[in-house]
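To keep things simple, chains are lettered A, B, C and D as they appear, and every chain counts its residues starting from 1.
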Amino acid sequence: MQRTRRDILLFMGGGAAGAMLTPAPWRLVTDAAIWSENWPGIPRPARGEITARYTNCALCPAGCAVRARCVAGQPVSLAGVAGNPLSQGAPCAFGLTGHQLPYHPQRLKQGTPEEAAAAVRGAMAKCGPGESVAVLDLAPGRASSWTYRRAMAAVANGVYLAPPRPLGGAAVNLAKARTVLSLGAPVLDGWGTPGNVHAARANFRLIQAEPWESRTAALADEWLPIRPGSEAALALALKDPKTAPSAAQATGLTEKQILDLANELTASGPALVLSADDLPEALALNQALGAWGQTLVARPEVPVPDAWKKAAPERVVASVPDSSIRVLFIDESVPGSHIPWSAVEKKLVRDNPVVVAFAWSLEGYGRHAQFTLPTAVYPELTSDIPPAIDSPAATFRISAPLVAPPARMTDPSAFIAKAAGMDAGNALQERADAIHKSGRGTLFTYADGKSTPLKDIKPDAFWKSLNEGACWVDDAAVGRASWPAFLSSPHDTQAEPQSTAFPLLVAFAEPRTASLTSPLMSKLYQDSDLRMAPNTAALHPDTARASGIAGAARAVLETQYGRCAIGVIPDESVPPGMLEVAAGPEVLDICGAFTRAKVVAA
Amino acid sequence: MIAPNSKSQPSRERQRAVSRYGMSIDLDRCTGCGACMVACAVENNVPPAHEGATARKGITWIRVFKVDNGEEGAARRSVFVPVLCQQCGEDTPCVHVCPQQAVEVDPATGIVGQMPERCLGCRYCMAACPYHARFFNWWDPQWPAGMEKTLNPDVAPRMRGVVEKCNFCHGRWHAAKERAAAAGKSEIEAGAYVPACVESCPTGAIRFGDLKDAASEPAVAAKDAHSFRLLEKLGTEPKIYYHSKRDWVRQVAAAPKPPNGKENARG
Amino acid sequence: MPFLAGALAALGAGWVGFPHAIYKSRPQPVDFSHKVHAEKAGTKCEDCHAFREDGTFAGIPSLSTCAACHTAPMGTTAAEKNFIDAYVTPNREPDWASYAQQPENVFFSHITHVKLGQLKCEQCHGDQGASDKLRPYQVDRISGYSRDIWGRTLFQSKAAGAVPGMKMDDCVDCHRKQGLSHSCLDCHK
Amino acid sequence: MDREFITRGVKRCSGGKFLLWILPWVAMLIFGLYSAGLCLVKGLNQTNMDNRFAFGLWIFLDLTVIALGAGAFFTGFLLYILKMKELRAVINSAVVIGVVCYSGAMCALAVDVGQPLRFWFTFWYPNVHSMLTEVTFCITCYLTVLMIEYLPIVLKNRKLRDVPEFLVFQHELHKLIYVLAGVGTFLSFFHQGSLGGLYGVLRGRPFAFREGLAIWPSTFFLFILSAAAVGPSFVLLTTWLVEKISKKRLVRPEAMQMLGRISGLLLAVYVLLKTIDTLVWINRTSPGNGFPAAQYYAWHPFGTWILFTEIALLGMVPALILLTPKLRARTGWLVSAAAMACCGVALNRFVQTVQTLAVPTLSFDKFMTYTPSWQEVGTFLAVLAYGVLVYSFSFRYFQLFPDERELKLEVAQVEEEPALVGRY
């Protein structure tokens, strides 16, 4: 029989009907739905044994103790260590995402250490009289810092440079404070060790004198909204009331307010005055209030091996003659305070200086250096963390690696020591041994939360527990000497330009560091408005209008040191005449302490 | 259609509930540092913001808002308000509306659970939630290369096109239950289970516990005169109790006021 | 007439062809015999499939567990030799495929079922201990689920003692019978 | 070349002209399908919806077209159940409109959900408490009913009649028509209602939340009523449009006026109840939830004008026009009143969907606005184009207006004139 179109149709119809009576169509529909649960692109978290490992956070000078939850050895989340004498188990947003930094998309992976070494050798040979080889160490006080100092002592005309120490290296004893006056210092927002501050918070009254309502101002016991740039005048008036009238003029407070505040500071002591950038006036006020030995103390040195004593002195960049540095090493492997490139650049010799930056990303000085050598990043790196500003006792803790650093990473201290023709050795352990030899203090181990006198611990056990998460806390009595000279001599502050050229005053809303944060921080500044993204500025709508950028999302920030593109956010909580800026490498390059600026249309 | 039956459903929850987990948030302690937000994202495998994401399209199971008293200059005061799923206990708005039972109030814990693998992505629950505590996966989840190594194995990553929200770090509840089981116990004792935001809060502003246990911090806070819950008049019985000694701060619980023309661009 | 033909063809394809076509299967890396280990070595399940001290289940043992005994060939079988040469000596983990691996969104606690629930391994996994060969691992081409999750047969036999599948329904059935809670959050993460 | 497909005794324009007419619509459809495809492949990030505006243009579209499509069930109800014979003239057209609106809405929904592959979950794991479940079930069932009602219209086609089985089949179907009409009416009443309930039950959104009878919020009943009211209006409107475009008389004025009268009657009732409901809501429901109703209208541009426009301007006014025999008799008045009624209901659906989401609920919320992305608009247009095309084809090849043939004979001389471009 011959087939007709109709037969074929019927056949297909039968097929369809029959198929309905088989599992096939239903199974396919189900599978398709399940496929939508695990279609390509959805990662599967690795499984494995879950363990807790301990280390210390190297992302800021606080160096909080960290408990890492690890799956098959890989940290998947970080938390504080409860009961820790220094950080009290209180983490911060940046620290909580630290374990993701090694996977940052902008991470620096390649470098040319051999070429860099060769170039350095050549330049050092060429280094004439009056020229110098310098190391700029952003986080001074570490064992590697000592290596740099020794290396610079070893080479002819070597110079060791570090950022000016806050409070000249003195320590704050918050536990003693009853009244704290903060002139724009972010006391509750990243100053010192968060856990320590919050623990002491209940015992002192916090008065925040700041033009805009920062996170600290919002939670201070009293907020004095003063005019931008009038902090110094206020401090002065509090020291001698005769200037109160003029201070009232400058700050916009009433004379009575100022005098009452002055009385309070003296009446309900011990008092402490903190300022965003170590105002000389603030230091002087501290001296007048008799803070020294009470809330401001000289911290005993962390012991170092005697062999290290032959070391180059620590100097600030400003103290070096201009165009005198031929070879400059910059170690930013551990985030520290930032020095504007403009300030560094003018110290370099004119004819091709060699600048070698050690960094884990190209965001910092790497943008300006001839050679940028990739380093390990927390939590890969091995480094000790100097005592925090709010720790009156000397401390020693190690940021031990939780993850193995990738191959082809450079160790800055080894590199620099080699360039100086010396051997860095195992500086970290040497210093640990030196501390152990001193026999002072106690060791707090994180895993079991026990404190043990150092006397009862063997050297190797000490070293071992330091690497497994522990901190050594000194018990030596703090010096009660008289007001030290270094606090009276104010460190350099860049000359302020006339306010006419640059009408706006820059205040930093976020921690002032150039180092990258975890991609996950985008939850805070992109998925919400809680924090500002790097290189953005908030300003009053009127200010924006006056600057001719009303309604614009981007603009150009201009200071005496240069200009850079920024994002702008209109915000009525920022007083007119002020810029509330989130630090980013570009912004930091053109902003020093007390910078005046202007914004112009992009 | 069968009645939404506002009364019987939660009361059944009450009877069977072994515990009713709740939270108390002290607004006088919150510094707005954002630790809770990142800790939450880390714990629950929430990917970094897609470059196209905004404060309106982002996924923040807990989000801290900066709220001011509307005053100008010296009189201006601000407070930071962490907002997460309020874990409504009574006539839970999102549960009734879900067409395919992807949302349920867990009888054992009182936690409002969202099942991404069951979710159709119709977003009806988001329209129903007065606290805007539910979030849609507008993009495929993406982590920078290598960062997926840091994912938490106790929480399954979600796929594009589904709704997700805070579930009191339910993965931690599972883990706690398993630890208890290893010790031969079928129930977990207080303190063995704490969400990531609570653990990460540096000032201890966020406290967590079982509201059925009168000694737990939230249960105590619930009785405090200075405690309040968001939009209490809606009768959704949230299990998140806020606390502030400042009178104006407690006004954030109320309905919005008509606009005064001035909007804080920073939320 | 052609209608019937079509229907029959479809039925055949759907019932016979499809169940095979939907799965893709791969052999296990090592020709392993539970039977031998159970009888000769006299090991029990938990000797190799152990719990960690925090109560989590280690699942398929790592090479180190095997190497504890198999440092050198025990016996002369080709499989034994192959195992030593290919894995133990180079210290390479065999990429076992887990028949019973639940989907990512499922939280399953072995210890809860074994210690609190007093379940025997066989009740869910069947009598693996007696198997002399490892079945090839079969995975659904579309959904990516192991065949054991669906249940090895097309239809679940509800007869007593029959090995159930590991689908949600199978879990819920048992929980219902035992009068245990079976809310979403109990098992989903 | 398609002559033998065209119904005997009616005139349709040449294939070329028809092609010319559908071409732009086809283009629109293709563009729309492309943008819809983008949303399906790349995900809903292609839209401008966000976590606050979880619903947008598409949900508004669905609610509106389903309301307008109500003409199908209601005309059927009036014709077969209440035996209003005059409506036989438009019933077929009404059914096609229904098919178009409902299937269009379904397609839009399929794009709107984040995981279309899981569509069947709603049927397999239904949450009986959810209004959306009810909507999905009813709409699916009713769409099937509509298809069955549409089938005879198709099978009556001149060419298809040649197949004897088809003829028998459609005859059998026709016997069922009363059952179908009944079922259709029942289903429609339900899903129109639950579409209203969709928002009425949102106790978390005091702007939309309404108390109600038994388990249904008042919006449940208001939606049924408003849909029933504008359904006939929309049928009237389309019929008039087709007459204008095709330059033909398709139905007798009596039928049109009948539609208008029904529409006006129901509209009047609706406006009355809507007003009462609004007053209750302003004075009791909303304040009871802690939300003084005044504040909703303080967020511009959604001022009280919107309330006035919806109820008075686009509700009461057309109702009065349609209820006044004199005005009804004038096509201009009749049609514009019908149009106003349709706009009124569209506005109501807009308020329900968009304004509900725009007004803040938390004290620190911001009032938010939203503009659809081109992909959303494209998908919207696709549904529109799809509707026009289906209707055009149905009009060309099937007998949508039974009276057309007689009317044609009456006005034979007019027909002599040369056809104008764009006419069928």
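The rule is short, and it goes like this: a contact is a pair of C-beta atoms (placed from the backbone, for glycine too) under 8 Å apart; a residue touches a chain by one contact, two chains touch by 3 or more.
All values reported here derive from a predicted model rather than from experimental measurement.
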| item | value |
| --- | --- |
| Of A-B and B-C, whichever chain pair has more C-beta contact pairs | A-B |
| Per-chain Cα centre nearest the global Cα centre, belonging to chain | B |
| Subunit A and subunit B: spacing of chain centres that average the CA atoms, whole Å | 31 |
| Whole-Å gap separating subunit B and subunit C, where each centre is the average of the chain's CA atoms | 38 |
| Separation of subunit A from subunit C, taking each centre as the mean of its C-alpha atoms, in whole Å | 50 |
| Subunit D: positions in contact with at least two other chains | 115, 118, 121 |
| Sequence positions of subunit C contacting 2 or more other chains | 54, 56, 104-105 |
| Residues of subunit A whose C-beta touches two or more other chains | 32, 35-38, 42, 44-45, 50 |
| Chain-to-chain touches, reported pairwise for every pair that qualifies | A-B, A-C, A-D, B-C, B-D |
| Subunit D partner contacts - residues on subunit A that touch it in the complex | 29, 32-33, 35-36 |
| Complex contacts: residues of subunit C adjacent to subunit B | 51, 54-56, 104-105, 107, 109, 111-112, 115-116, 181, 183-186, 188-189 |
| Subunit A-touching residues of subunit B, taken from the complex the two chains share | 28-35, 37-39, 41-43, 45-46, 48-49, 53-55, 57-60, 63-66, 68, 72-74, 76-80, 116-117, 140-153, 155-159, 161, 196, 199-200, 202-204, 262, 264-267 |
| Parts of subunit B lying in touch with subunit D, wherever the complex brings them together | 1-5, 50, 52, 54, 56-58, 65, 67, 81, 83, 91, 93-101, 118-124, 126-132, 134-140, 159-163, 230-236, 251-259, 263, 267 |
| Contact set on subunit B toward subunit C in their complex | 104, 106-109, 111, 113, 115-118, 154-157, 167, 170-171, 173-174, 177-179, 181-184, 186 |
